[in-house]
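Note that chain A is present in both complexes that follow, paired respectively with chain B and with chain C.
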Partner chain A sequence: MEYEISLVTAAGISVLFALSLNLITGFCGQISLGHAAFFGIGAYCSAMLCKAGMPFLLTLPFAMLLAGGVGVVVGLASLRVRADFLAITTMGVGFLFVGVVRQQDVLGGEMGISGIPDTGFSKLAFMTLTLVLCVAAALFSQYIRRSWMGQVFNAIAEDEDTTRVLGIDVPRFKLAAFAMGTALAGLAGALYANNLKFISPDSFGFIESMTVLSMVVIGGIGSVLGVTAAAVVLSLLPSMFTFIGDYKLLVYGGLLFLMMRFSPDGVTGAVNRLMAKGKR
Partner chain B sequence: MKPLLSVKNVTVRFGGLTAVDDVSFDVRPGELLGLIGPNGAGKTTMMRAIVGVVRPTLGSVFLEELALNALPIDARIRAGLALSQQLVKPFREISVQDNVAFAAASRKTRTPATALLHVDARLERQSALDALTQVGIATYADQSPKTQPLGILKRLEMARALALKPKLLLLDEPLAGLNSGEAYALAQTIAEVNRQGMTIILIEHNLSEVMRICQRLVVLDNGRKIADTLPKDAMSDPAVQMAYLGGDKHAAD
Partner chain C sequence: MLFIDLIAQGLVQGSIYALVALGLTLVYGLLRILHVAHAALFTLGGYIGVLVTNQFDSLGLAMVVAILVSGFAGVLMYRLCYEPILHRPPFVALIASIGLFIASEEIFRIAFGAYGMSYKNPPLQAQVVIGFLSFKQAELLVMIGGALIIGVLALLQSKTRLGIACQATVTDPQMAESFGIDLKKVRYVNFFIGSGLAGMAGVMVALLNNLVEPTMGSVPSYKALAIIVLGGLGSVPGTLMAAMTLGVVESFGTIYLGKLLDRNAIAFAFLILVLMVRPQGLFARK
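And then the complex of A and B:
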């Protein structure tokens, strides 16, 4: 049972992380290739605060604030440029994060932070907390979709210039998406740190950024249900089949390529097309 | 009467090229003003300087008392301008009505916070239907813009601009690409929208329709304003004749 609980918890954290990128990439159409940095900021923030004696639950809002705050600074610097520049900038931020953390003895350097104090939660309670936060994030995402903010995000994703001519303050909305997405990534990171009790810079590198981007793309950019399903499957696959674990990058890369080639709107798009065919 | 829009000594240079050269004109409330001139005269650049796509090198643009120069495009739109673009660009994934409703929601979409707090779209969908009725395509409300012909898309573009409830509507070559029947019908619609009180600047190549519906013409040539006159006097103006026909002023005889 213990093993299943830890699998579900890990999958839940992946879902939360994927939903956070979905707000930026899926809803607003802004490609981020360095999203793991914000996941890492949340993880390090929560780990340090826990080690300093702060109760685990109380560290969560701080992790969100710090990740979201850094997200806003990065966003201010890069969201005024076009989408492809943003991809490059965020990739740079991802490398910068790992590079900086490696050099800081305070943050454990290469060795990372181990011995993160007990959360006071049982394994089961921690899993439940993770799942509750997942459901909350999914419901919040669905709500955004239905609100006027979701309409604006769709418009920006499709045609930024036309959206501006209709009076929308495009940079401000992009920044809002970035702030929400990075804060949520910070929350997922905090859970990750406290689940494993050990973090190191390697857990937040380019590979993690690409993994989470694969989840969003394979699930179907923008679809909350599709991204959730993809995050669950893609995070469980490597643990359930060790041979996939060995070839994780190959599998993710291959899937990413196949999706872009045959169904750019992800599994969700493919399913929708099949359903439409079935009805006819 | 105070002008609604004042263009004062606007010059736009791109490197060594002067696209608009010291142009001034006013637009009075309720007016349908034609902005015409041969290809390369600087009409579209003038329009872009008003909307904010390009910044004037010299001079300034005022909407009522508000100086527009320092404002980005979206702020100018929120201040009361609306642009119907020459190349129509509807959002393809949503219906014709939702395209217009999106523009009608400009109060709710002012900031991310207000947008996040509003879900209800009934009012906007109703205003959208009104705007679609005004331009005569209400029957297409539920359809996708993907499958519409240019004539409908041009009207959709105009409905979207009207739904912003602007003080001044800028129409950039709305008749371009339409056949003469469609052009006549859309010109009628533009005149009707103006009669209902909308102030309009119309940039257009179709001179016969411009002459028919505009109350005043500003004529540009090589970036300079060469005439500001009633439509009936425009073609007898030697400077205008020369701009359109080339050669000396007797060339038209």
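And then the complex of A and C:
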């Protein structure tokens, strides 16, 4: 059971992380190639606070606050630059985060932080907590999508200029998307740190940013159910089929490419098209 | 002395960046695609360079083969991967390209091993002293070769029919087509030249480090993206200036800011700083 519990916990954290990017890239159409930075900020914040003696649950809001705060600053950048420029800027933020952490001895530098104190939760309880947070995040996403704010996000994703002309305060909504998305990523990061008890800068690099983006893209950009499913499958894939382990990145890269080449709206889009065909 | 030495080192690094970024700019100018997988061709060039040199003991031959193979691989990549998704929103091509790049890095790793390869007897390693500066021969080759190639290309672009067709297509594809320019041909030629340059840069970097490894493309690929953005996306002179600037900023940065940030972080910190002040890039015309 131990093994299954740790798998489910890891998958749950991936789902949370993927849903957080879905708020920004999926709903609001703002591409981010550096999302792992916010995951990392949450992880480091929680790890440091836990080591300083703060109880685990109390560190979660701080992790969210810090990640969300930095997220708003990066969101401010999204007001200056758009589309391709934004993609490169967010990628830069990712590299900047890793670069800064690597050189700070306070944050453990190259070696990372190990020996994060016990959460006081049993494995099972930690898994339950993760899953509860996942469900909450999924419900929250659905709620946002149906709300007025979600409609505006959608409009911004479709056509920013027209939305602006309609008299909608686009910058405010973009910042809101970044704040929510990055705070959620911070939460996922905090769980990640306390689940593994060890973090190092390598766990938050470009490959992680790409992995989470591929979950969102393969799931079908914007679809909560699709993204959740893709996050579960992609995070379990390497452990379910151990022979994939060594080729994990090849599979990710290949899937990402094939998906974009043949079905840019992800599995959700492919399924929808098949259904439409079946009805005819 | 340190000052001038740092500038010289920065310019060597900048020349490499320029060769990689130039191809990327050609592609961006033409198709508005951020072609991350470009760096896969750089890696390909590096591997071919080492393999051919070790086999036939001729760097010149290795260079020619690397340029040709990378060039054709680039055209193939365009034909199979980008052409069918050109009408999609830009992020589709970007993500496809990233996927392609990650997969190709893995293919290099699986095919040639994770630890990379080196030259059996690395050519051009002797030191040359110019004034009070000393360079490796390979470093001189990188700078002079890079400048030469870029100069020739600039000449071709402004003097030949095909070069002018390229320029016209970048400025206004529809208008160019209505004047009878074969868009497809222009795109193929651009991909060939850009990818060939990347292959050549790969051979040169392999010479400088005497090592090729599967991940050698990742840093140049992201850096090159930063450079074309700094250069104002799609502008060739801007890209060259940005590549040199970034090379120099990095070499100073690692000395003076090395305690705070690593090399990549310095490059991207510079990029973000510039973009916040000038969102259109450092050298873009308004």
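Everything that follows uses one rule, which is that the second predicted complex is superposed on the first by the 279 of 280 C-alpha atoms of A that agree within 3 Å, B and C clash if a C-alpha of one lies under 4 Å from a C-alpha of the other, contacts with A are read in each partner's own complex, and residues count from 1 in each chain.
The working rule: contacts are C-beta pairs under 8 Å (C-beta built on N, C-alpha and C of every residue); 3 or more make two chains touch, one makes a residue touch a chain.
Keep in mind that what you see is a predicted model, and the values were worked out from it rather than measured.
Engineer: Using the superposition on chain A described above, determine whether A:168 touches chain B (first), chain C (second), both, or neither.
Structural biologist: So A:168 only meets chain B here.
Engineer: Between chain B (first) and chain C (second), which does A:114 come into contact with in this model arrangement: first, second, both, or neither?
Structural biologist: Touch status of A:114: no partner.
Engineer: I'd like to know which partner A:142 touches here: chain B for first, chain C for second, both or neither.
Structural biologist: neither
Engineer: With the two structures laid over each other on chain A, which partner does A:214 touch: chain B (first), chain C (second), both, or neither?
Structural biologist: Once the two structures are laid over each other on A, A:214 reaches chain C alone.
Engineer: Quick check on the superposed pair: does A:152 touch chain B, chain C, both, or neither? Answer first, second, both or neither.
Structural biologist: first
Engineer: Taking the superposition on A as described, I'd like to know which of chain B and chain C A:176 touches: first, second, both or neither.
Structural biologist: The first partner, chain B, only.
Engineer: Which stretch or stretches of chain C touch chain A in the complex?
Structural biologist: Where chain C meets chain A, its residues are 32, 34, 81, 84-85, 88-96, 98-107, 110, 218, 222, 225-226, 229, 233, 258-269, 271-272, 275-276, 279.
Engineer: Of all residues in chain A, which touch chain C in the complex?
Structural biologist: Where chain A meets chain C, its residues are 31, 33, 77, 80-81, 83-85, 87-89, 91-93, 95-96, 98-100, 102-103, 206-207, 210, 213-214, 217, 247, 249-250, 252-261, 264.
Engineer: Tell me, which parts of chain A touch chain B in their complex?
Structural biologist: Chain A residues touching chain B: 143-144, 146-149, 151-152, 154-155, 158-159, 161-162, 164-170, 172-173, 175-176.
Engineer: In the complex, go through chain B and note every residue touching chain A.
Structural biologist: Per the touch definition, chain B meets chain A at residues 51, 72-75, 77-78, 83, 85, 89, 91-94, 102-103, 105-106, 108-112, 114-119, 121, 160, 164.
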